[in-house]
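Below are two complexes that have subunit A in common, paired first with subunit B and then with subunit C.
Let's look at the complex of A and B:
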């Protein structure tokens, strides 16, 4: 863990070498991503609610997914950008170091500009929770924290799976975006607004529903069962196949010429 | 059992076959043809502790692939490899602590920050005890003359400076084996010399086993007593450099300074050119030895001065490649 924080510090050091670039990127990220939120707000000027979910409920859901996604973009950038590591041949170097490979991939890259999105997501979440009349109690606080946590975990798993895909081919990387970006866009809305088939898919195949749907129902007081409150923990199970697939792919690694 | 024991290693890659041109690119977008390329086939050799071995061969012969297998990056399709009682790709974490690898074409240093910061991180990665780390680091800084460059962001260093830092970074954990894949590529004469001298020294003092690939034969001649020649994935020659030189060095260059006129006819003299001060001869030692030549020449003329030159090692290698058709 010490190594991870040390490399994080070094990445920050490296990024700050280009000061103007850093500041401009940081600002532009904020501007660009506000437009996403505007789209939702625009949508709700037309409709009162989508399948029973109001504007602020959707915004809450949206910000939680954004938080998890951006969190991984900042702190697990190496896994997000794993194809670069393979194409440029730097993965060889990681194999030569006496440390866990996934940890090293995590250390290999980070993108602090995306911190802007993290902050943004938190602000939106904050605004949304103020406008929603939440019946606050300790379980609700825990549920909200679990939602944030599981959002980070699920994207970590998905990124890892997408990274494993690079071991087999570095072509057709767009396919994996169906699951990362595509999935993200779906999950920005409460999964329940979609057709049954999608709900099953996002419950059992990629368990987005445990991140921002079932716990959301509890959080908003639409469901009372504690199972809903603690369902984000199930996302942890999702990590297991992701890690297995990654290591399985690593065995097939063929390096690049030099 | 030798320190490094490689037995019948083979590795095949699947390569996407594609003709040039946009039309072909589009075609291959939908349907791909693959061909299997045997990068290395049935490679076997053994190396003792403390040896320096030059691993040579033309581009695409399988040098890098072998290095990658030996260092545990690639898993061969078949064959065995035991190095210091470990199989590189099976005991990866334990094994890589004992080796250092320098890829001349790739950097392991962080581009935007000084090399010393990378060293500090490597210390944690390899879990080197503080005291040991400090002594090794000081020693490397002194030997490779890094005092002035270690605090400059790596991107501002020259290639030669960077390569010295690379080598230092690979040796911080005192590895028993050092793999050098084209360590002098693109370096100037002085930097090359620094790198060579340094490698020689650590091999002598620390008994570090060195496996070296290079296209610069001067690297090989100055460092390695033994070479392994590889071509099209097979080992073609494994033995001393001297023997190879004797086998292939059939030409010698003799330049004679004289004021007299020389007329000489012999099967062993391949070329005779008149120069300002005398004659340049190229002789074939299979037909005439140096002493025989001197005997004949000195009877005919007075020799003011004489110079005998070996054949360039690069020419020998070219001949060798031609002979093996690689």
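Let's look at the complex of A and C:
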């Protein structure tokens, strides 16, 4: 763990060397990213609700997903950009070192400009919860924290799977966008609003529903069962197959040379 | 002229090679199409007031967007051009006794046409066979369809002029990540890929009508579904034409200025 934080600090120092560039990109990220929230707000000027969810409920849902996604973009950039490691042959170097391979991949890259998105997600979440008049109690606080945590975990898992996919294709083809960007786009709305088939897919295959739907129902007071409140914990199970697939892919890895 | 057409052919034929990537693209576009559409289906089922378009119109609009994405999208940066600038390859380009702007223009348009040729048919065929509400509808009328084709052609010329314009700016700034990315993101939203222009708030629709972005793909697709009258279609195509001329002129002038100051990177 110490190594990871050290490498994070190094990356941060590296990025701050280009201070003006960093600040400008940071600001433009905030501007760019606001457009995504804007799309949702624009749609809600024409529609009052989506299957019973109001604007602020959707914004809350989106900010949680956005938080998890950006969290991985900042702290797990190496996995997100895994195809670079493979194509340039740098992965071979990592294999030589006597450390955990996933940890090393994590250390290889990071992108602190994306912290702007994290902050933005937190701001939107704050605004949304204020407008929602939540009946606060200790389980609700825990549920919210669990949602944030599971959001980070699910994207970590998806990034890992996408990375494993690179072992076979070498190139990061567009298909992986389906699960990262596509999944993110879908999950900005509570999964339950979609058609049955998709809901099942995103409950049992990629468990987005345990991140942004079932716990959300509890958090908003639409359901009372404690199972809903703690359902984000199930996402932890999802990590297991992801890690297994990653290691399985690694066994078949043949270097592309450099 | 012949030299430029050769450039076009070269790029077109070489881009046709990437068939695996095209299949991956088709799969991705199907998925995104379904996701976008399901959001609207859920919204329409929940009801709303004064909706600017019917659901089948929106669905058709979104499928067309996915089918022709490779042709009209603004977010693909032609990496080859940026690489030329950043790694010094531009010195070879400058050695050629041809207009650099049009060399680039024909390359980009060749690539776009090749990419869309590989992708649009499967999408159109399959989606027009899908059951409701995911069904791609027929055009509003024969004339609407004709106008759609015309304005899609003009839209392609326009988006190419824009895509060539960005690397020319990069000639001076050397980094496309700041300004260019910002413009592209705004352009993306205003081209109606996720939310068709009629769903925007009033003030934004007005601002958008003074910018080039919505004339790339929003105009042709709304003509197809019949959301825009034929008279307005003619008007819209005139605007498209003006923007095309403007950007080609501007691109040429800026190219001349920037080429004088360009610093060749690397060796």
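Throughout what follows, the second predicted complex is superposed on the first by the 255 of 258 C-alpha atoms of A that agree within 3 Å, B and C clash if a C-alpha of one lies under 4 Å from a C-alpha of the other, contacts with A are read in each partner's own complex, and residues count from 1 in each chain.
Basically, a contact is a pair of C-beta atoms (placed from the backbone, for glycine too) under 8 Å apart; a residue touches a chain by one contact, two chains touch by 3 or more.
Keep in mind it's a predicted model, so treat the numbers as computed, not measured.
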{"item": "Touching partner for A:10 - first (subunit B), second (subunit C), both, neither", "value": "first"}
{"item": "First, second, both or neither for A:241, with subunit B first and subunit C second", "value": "neither"}
{"item": "Partner chain(s) touched by A:198 [first = subunit B, second = subunit C, both, neither]", "value": "second"}
{"item": "First (subunit B), second (subunit C), both or neither touched by A:95", "value": "first"}
{"item": "First, second, both or neither for A:221, with subunit B first and subunit C second", "value": "neither"}
{"item": "Subunit B or subunit C, by number of subunit A residues touched", "value": "C"}
{"item": "Residues of subunit B that touch subunit A when the two form their complex", "value": "13, 64, 68, 71-75, 92-94, 96-97, 99, 101, 103, 105-106, 108, 110-113, 117, 120-121, 124-127, 153, 181"}
{"item": "Of subunit C, residues touching subunit A in the complex", "value": "20-21, 24-25, 27-28, 31-32, 34-36, 38-39, 41-43, 45-52, 175, 177-178, 181-182, 185-186, 189, 194-195, 199-201, 204"}
{"item": "Contact footprint of subunit C on subunit A as seen in their complex", "value": "21, 24-25, 28, 31-32, 35, 38-39, 42-43, 45-52, 173-175, 177-178, 182, 185-186, 189, 193-195, 198"}
{"item": "Touching residues on subunit A, where the partner in the complex is subunit B", "value": "2-3, 6-7, 10, 13-15, 17, 89-90, 92-93, 95-99, 251, 253-255, 257-258"}
